[in-house]
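Going by the order they are written in, the chains are A, B, C and D; count residues from 1 in each one.
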Amino acid sequence: MVDVLKKSIWVFHLNSGSCNGCDIEVLDVFTPRPDFERFGVKLVPSPRHADAIALTGPITRAMVPKVVEAIKALPEPKIVLAIGACACGGGIWHDTYVVVGGIDEFYKILKEEYGMDPPTTIYIPGCPAKPEALIYAAGILADIIKQKQRRREDVIREEDEEKRKIETIIREEIGSRHFLPKIIVKRGPKEGSV
Amino acid sequence: MNAIIAVIVNVIFALLYAPLIDGVERKIKARVQRRKGPPIQQTWYDILKLFKKEEIMPKDATKSIFVSAPFMAFLSVLISYLFVPTILPGALYFYGDIIVVVYLLAFSSIAFFLGAFSSGNPYAQVGANREMSLAVMEEILLAFIVGSLAVLNRSLMLNKMFPLEIKVSSIILLAFYLVVMYIASARVPFDIAEAEPEIAEGPFIEYSGKYLAMYKYTIFLKRILLTSLFLNFVLPENVLWRTIGYIIGVVIIPVVLAMIEAHMGRMRIDQAVRFMKRLSVIGIFAWVISLFGW
Amino acid sequence: MSSMGRLRMLIDSLSHPRVTEKYPYEPIPIPEDFRGKPEIDPEKCIGCAACARVCPPNAITFRDDHEQGYRVLQVFLGRCIFCGRCQDSCPVGAIKLTKEFELVSLSKDDLYQVVKLELAKCIRCGKYTVPYRYIKYLMEKGPKILKYELLLCPECKGEIMTLIKYHYAQEVHE
Amino acid sequence: MQDIKRVIEENNGKIVVEHDYFLLVEVSREHVRKLARALFEAGAYYSTGVGSDERPRNGFFAMYHILNHEESKKYIVLKVEAPEHDLRIPSITPEIEGANWAEREAHDVLGIVFEGHPEPERLILPDDWPEGVYPLRKDFKYNEKVKPVRKEEKFVEREDALVLPLGPFHPTLHEPEYFEIYVDGETIVGARYKGFFVHRGLEKLAEGRLTIHQIPFVAERICGICGYTHMICYCQAVENAIGLEVPERAEYIRTLLLEIERIHSHILWFGVVYHLLGFDTGFMHAWRIREKVMDIAEMLTGNRKTYGMSLVGGVRRDIDEDKKEKTLKALREVSQEMKKLFNDVLAMKEILNRIEDVGILPKDRARSIGVVGPVARGSGINTDVRKDHPYAAYKYLDFKVPVYNGCDVLSRYLVRADEIFESIYLIEQVLDQMPGGDIMVERFEVPEFSVGVGATEAPRGEDVHFVITHRGSKVYRWRPRAPTYNNLPSVPVMLEGEHLADAPAIIGSIDPCFSCTDHVTIVDDSTGKILFRGPLEDAIRRLKR
């Protein structure tokens, strides 16, 4: 049996104070070359018809009630596509005085002030997100492809030998300075540094 | 008995086929825009998905009307299929059934209108208003057609009209009917009531889930109904040839209409109404010559 | 005739092939200089945090973990604007913009790249200072004069500088 | 040139800085109104106004009015100062209509009171912003979060007039903006704009967190369609302020990218207009062709839209022969296909009917509001920053400025159509004549409190940036002014007397950079009755009760 929820994704586009870059790409993705409609994605003019909200922009303060309204109007199961650097993490304005700063900060407000749980969210980074990145997101939603991006964490420890080498060089250098061994350690208020 | 089996087959055919041909139309439109387009079963997916979704009741809606309107629209079009044969010839005929069909179609428009007004959304009301002014004009045009047909066949029974005799008036009438069919199936440039960029799909804006699906389904069914009616007027009585002709026709006509639709810009409501007023002059002309029996 | 334009357009479209790309079933061509996902090569990174200082949206941040003894450099792709200033500013070419753009993920966590570099200890007071890598880099490329104070924490450095000044002043005096 | 200086001096203005690009004129509060009037009569139009908090420096607040005088190829910057305890400056809006928004904005963000302003209402800050908190004052931190004051919706439901808010979201231009339209029956009799949902506090951000080299990237994100022109405009303002010469090759590369941006923006606009008129296939074709332009941009800069190519002092990437050739080839195809599309579409009667003689903006009104770009050129005003205040490589190049006298949507359509081909011609010249050499000046000193004005011709019109530099590679005040800021106030004029259904196309015709065309509230002005509410609806309402 085909899962029709994956075969047909209707999207309501919501600009929450974006620069238009992502918005244009959201439109662009429906044009002949990327052709989003291949995956059954359609732009709809009302959140009530939609399965997902394509959210662009860092969510300015003036837009908060309106975004809440749209999310409320979305029938279950709800999906939010956070498109672009602004929606994913607030972008370049993440900490200014009129900006909420990305979808996660917004979800906090949603929880605190409106008592709603955050819906399923897909993060689509990019500035602006390339149309192909949006197709990739649709591919993940429709189970055609698997998510590639994973958290990466590297811990770099130096070899002990290496450390010793560095320390020896420096100690030697310090040692060559005749005045240093005489220094008496005094703790107190610092005077003007260089 | 045969008639009843035919009716059942016809209704099932229409129900299955209507969303499918919309998928084909989308594919065709995609082709003329030089893109790949969705798979042809996409409209089916859409409708099934909508049935799975939750329905949200708008705050300002008048609930009883809001909920029953989609059913009224859907059922009125579905009932019309009892009188208009599709793939198999044979339906419930009785005296005056063509008037019933026209009324049922009008009723579905009124249901749209009622549903939109009960939703309490301003966009929906703008859309409903536009829908209504279009529907009134459509009714006038259809009235001319019914009038001419009645005069031509000296009957108001559909089976007496299938197929139409070839006359000057009947050819004008069929051409006229094609235009009216195009208008009534809410295609660009006459999709003013549902205009996406202007009023955000007007009448349906507050609907979600299965109610929305029902509305969409109604439109598809209406399109196939009007196409079937046209094909019945032109196809021969021989069952085999009729069936072959029907199958070809019911594919070709929507495809051609989709191509036309793709190359049109939307009219303003006043421009559309003016256009339809001009059309009604042709309607009167057809009626007059049918009175002469040409 | 108003229908001629339409007809021409229709014929024109039908006589040309479709332009839809095969993506995601096939990869799309990406130009050589594409500015995609910034990636830190942890082997090359010296932890100087120059990238974090020039990053306009603060997508790259760093903090010193004095408990564990690490400098934690963190790239949050969700906020990155792909300007490439980090690449310009990196002295060792450790951070590069790749051609990767398929960064879509279902959780915010997947959008982080974290590099932890071990911090060296101040040879005077034993507090953590800067990463070993950075010291090594400065020893090779940095200005000569700085070398002896590389393994000192800022406080000790300050004290020593005062003492040096004092010392020199005395020397001159004598 | 001498004339304008004489006008300034006769009206008690004092020329402080004389730059090739602009004049900085100090004038006292008593004389500003008269001087502004005299300059307007001498042919200057209002470009933008900038408020600035200069208390840390001298204890004064300053208002800079920037006027564009095309004849002498100079911007005239009028500086008016007011002390903190007496923050009143005479408004010049009664003299020049165009100053309306700039003064309201200065009041919002700095608290300067403009005496005699005809419409002293809040403009850019959100409705729930508390009174008496002024974000651009220097004692306000850029990342300070203010506790919102919950307020009732601003709409006052009048007894005689019901409000029908059409919005707040709309699919057309995918932006949150808002127009209130007053209608009499089917005809529009008035309109009011309410917007600034996308105010993101970038001016404060630039003063606070960012350095002079980071601001170009913020500037680029003012607009996602014409971002690069903002970037260049900012860079030029700073270069003018510190007197920096950019290498010639960098100027050519800047020109090349600016023109590529213009082409993509105009084709985008055509697509949107076709979509507004219900002609989706036209939209698809236009954007399919546009895709080629986007590919060029991606190849040259590494991103489809945010080029990120410029810094103060030059450009970041060079281009080679191979790229030149690919660019030329793609543009030739674009030129051919666009010609075909234009011919075919203008042959469609229903499209033509909906744009011809619709949305009239008469020439004199256009002048006094100070509209710019294709909107001005569609109303018969020959204005183009590229000609009037040459920048980048435009001084070396040959091009025409299309001007149409129809004053309607069709004229604006034709202006943009011509500009696409003109831009392609410009790019051919640029690629042909591009000189060799450096592309970037790496080292320069940034003086303190140096004033600079930069201007570019964005796809939507004149784009002006005003910069005051600060020590430590910072800016003290940065004020970008997008063309739509000047064009939007003309929309009510265009809408007057038009059919309601044409509103999207008319609002769309100015190519609003940051607005959605039909977030409209429809209020019937004369009767107080709402359009589109019939007796049936009343019946339903009664049923509900």
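One rule holds in what follows: a residue touches a chain if its C-beta (ideal position, glycine included) is under 8 Å from a C-beta of that chain, and two chains touch if they have at least 3 such contacts.
Keep in mind that this is a model prediction, so the values were computed, not measured.
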Shared interface partners, meaning chains that touch chain B and chain D: A, C
Chain pair, most C-beta pairs within the contact cut-off: A-C
Geometric centre distance via CA averages, chain D-chain A, whole Å: 29
Approximate Å spacing (C-alpha centroids) for the pair chain C, chain D: 34
Distance between chain centroids, defined by C-alpha means - chain A, chain B (Å): 47
Separation of chain B from chain C, taking each centre as the mean of its C-alpha atoms, in whole Å: 61
In chain C, residues with contacts to at least two other chains: 6, 9, 13, 18-20, 56, 81-82
Multi-partner residues of chain B (at least 2 other chains): 32-36, 196, 200, 262-264
Multi-chain contact residues (two or more partners), chain A: 31-33, 35, 38, 44-45, 91-92, 95, 127, 130
Topology of the chain contact graph, where touching chains are joined (line, ring, star, complete, other): complete
Touching residues on chain D, where the partner in the complex is chain A: 125-128, 135, 140-146, 148, 168-171, 174-176, 196-202, 204-205, 209, 217-218, 221-225, 227, 268, 283-284, 287-288, 290-291, 294, 303-306, 513-514, 516
Residues of chain B touching chain C in the complex: 31-36, 259, 262-264
Residues of chain B that touch chain D when the two form their complex: 29, 32-35, 62, 65, 113, 117-118, 122-123, 125-126, 129, 188-189, 191, 195-200, 262-271
Complex contact set, residues of chain C against chain D: 1-2, 4-6, 8-9, 12-13, 19, 31, 33-35, 54, 56, 81-85, 88, 97
Touching residues (chain side chain C, partner chain A) in the complex: 18-21, 23-24, 28, 42-43, 45, 56-59, 70, 76-82, 101-118, 120, 123-124, 132-133, 135-136, 139, 147-148, 150-151, 155, 158-165, 167
